[in-house]
């Protein structure tokens, strides 16, 4: 059932490195699912919730996103909720791993399990959000690609770190071993290497143990335009081949990407 | 009824001149929650080929102001699997189905057309040809599509090929022409200077409102000269746009990428035209 | 220096790849208060014909979103009176002058080209041909422009004629090609139903940002295959746009209707490209 | 000398049938002259002053004009002042004649001479502005095309009026005979008939006795684009031919159009 609904824009304010925008809507999307908003321009834009409540949701956007220029009270036509979000029912130990620019869709999961660990990678110290932004119960691991704060990235690197720096990799392997489910939000081209780490860290991970949010333009959101096709691998249980990120995803089993 | 294939033995009558364009609306049931299909003249399916095709690798879309360039690679599971999956959906649809067929080679085209003929509620084929098709090749593809099947064949003519192809195809047995397929375009896809030129530029088709004045020029030049019905396509975004197309001689029209943003546009145009027609008749 | 006519005996060297397009900038001194002409490669004049032409009657412009269709009729007082009026202005300009000549008939074109040759600071002719020109006619017009004068001849190729004309003209002695003239387009010009169809629709040329991805496609397809320099024209609106044109093989570029809105765009592009070039060389 | 300058938008408010928008600018245009404002869209838009003072000018616009959607304080790039406005130096008896939609460019002339008469034609009563909007010294003649208020129009009609209605024509002839200068702002296609009335009402009117504001799109404003060409007739004194409305006009001697 694809539906249109009217969302009401409430406000937007800066929360570096993002802007936060608040929408009231009858039927907000689940974590990792989305709505397609008509914000002007030739195509609708996907909005992934960063927080969700009964009356609506917030999104975290780059500073110049058109949603940050709406006037409070403006009505925005949205299509959805669309897509398959994260599947974490009954998980007690949840691992979240994100590159900073794609972190927001993971934020609704921060309190979705009794124990949550969050790994954030940023290019350098300045792009990391302040740790006090996160619930105190979340176990935070910060990573920078230049080693200016936290562990030395990138997440996938197996090289030994130079002197005085500590690679994130051992910590990541530990956390993957600890978790019952791991949700990733990174640029798509990093998923194969991250999947290899999961396979190395766990014997026969269950289906959906590792879930990845695929980032691909989704112009129509309903399976009509074919722009969002994503290649998946077949397994004994599932038929592989091309899937629609908008219908079958955008959250996929990372080990099948 | 509007007759889209007056020269064909069975004809291709449709109740409304409004249709979705191939590639914009899926294979049939995608928008059924949102759009009342009964107001449309026909469903034009997403493009399909005899054999399966995968999606284009790399970036597939780039935006430039009010326009965008898209290149999907026309992925589809092939005619046979499409039929397996949608035959029953099509049979139950309240409107007839025109299948958009990617005309790869004459042999494949003939085989695909044969498979489609006799499928319940499939009333016609719209043939998609490559942009730089030669006139002779286009005629061969048209002949192939007509050879073993008995469905009316509409050809969707590439934007830059109208002058060379439209009169030729019409004289050569095309039952109708869709004018036009979107023009080819290129946009920067990446700023990274280390990328190869091919990766830094996205080649594809252009969509957006500026196609509309280009379309009207094609219609003004060609509709009165062609012996077959013309289906207008390109940048149509409102009831007024649709009216202008019909006034300049188009028999029907297709709405393309705009409907991803505004799925109800189809319905608004169809209902607006129907109202206009009723009021003109009752005068 | 950039050489626009490498095959011509005198050549056509310009110091910057940036120029105004014919019809956008007047005959020479129109924008001199606003634009520092010294940063431009050349002045391309408004179109002129051998004999005077009057403006098109009726509506001349219609807007469609970010685009517009214009039809002026290419009014001009004829080559002789233009020369009377502007000869001294051109001589004093800090940049060379390329005259845009409307190629009406071969005889008139030859006569006009002869009159232009020897005019101080006029270094080349850009030939404008009708959109539906046949290849044979285009070659005749080119021959005529080259017959009695000794100026390099650039041909501005109609948008829909690039495939048929560009390689032919380049092989046949054109010193450079401007790709492309704006595409023909039609827009409603009036809602009044009592108007005749001709009065209700404005036919003209389309201007606006959507021409840019269409231009890049032409450049990507043609620059590497043509034996002569290509001057890019169509929807160029920024330094990035200009850079993309040069990267895809254009030798120079023209900015058209956008400069009515933003006359300083010429200067910003020219200065931006110059800075880029300096920094690349000094590396 | 063509110059760009920054105008600052101050406010806009409705004054039916127009909206009034106020701009501060160093160098405002004279009556009948204009600036070309960049208000978005592919082409600049001509703004003709309705009132002029040392700090700027106001314009009267149709309700949906983009200038009415600016935010107060917004800077608008304008080209100009451009064009030749009305030439009324030393005139003591001034006649102004306008169709309501093109009235605003005449408004700066309301107090430009010791004695001013204003004729306004509107389709019907509802489109007429209230008479108290005009300075009391202005002698006002109202005309409606349906006779619902004032005289019966149109301005050019020589037909006798139906019962109970009075044609404006005799009054117009009187005013033309009275005036030292008459300025017109009507749709272009009405100027030939109005010129014929002037010729009938006065023996050998002086050059510029009747001046008309030509309404034509002016994309460039500087003589480059050739869109604004306007045909004028030759006389013993002046060479005719096509003129640029943007440079030579937009106010022309009406008897030469």
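Letters A, B, C and D name the chains as they come in the text, with residue numbers starting at 1 for each one.
In this section, a contact is a pair of C-beta atoms (placed from the backbone, for glycine too) under 8 Å apart; a residue touches a chain by one contact, two chains touch by 3 or more.
Everything quoted here is computed from the prediction, not taken from an experiment.
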Grouping of chains that still touch (sans chain B): A | C, D
item	value
Most distant chain from chain B by Cα centroid	D
Distance from the mean Cα position of chain B to that of chain A, given in whole angstrom	36
Centre-of-Cα separation between chain D and chain A, whole angstrom	60
CA centroid of chain B to CA centroid of chain D, Å	50
Multi-chain contact residues (two or more partners), chain B	65-67, 208
Chain contact topology (line, ring, star, complete or other)	line
Chains grouped in pairs wherever the two touch, ordered by label	A-B, B-C, C-D
Chain A - residues contacting chain B, complex	1-4, 38, 41-44, 79, 217, 219-227, 229, 231, 242
Footprint of chain C on chain B - complex, ascending	64-67, 69, 132, 160, 163, 183-188, 197, 201, 203, 206, 208-214, 216-217, 219-220, 240, 244, 247-248
Complex contacts: residues of chain B adjacent to chain A	23-26, 30-31, 33-34, 46, 54-55, 60-61, 63, 65-68, 70, 72, 74-76, 207-208, 257, 260-264
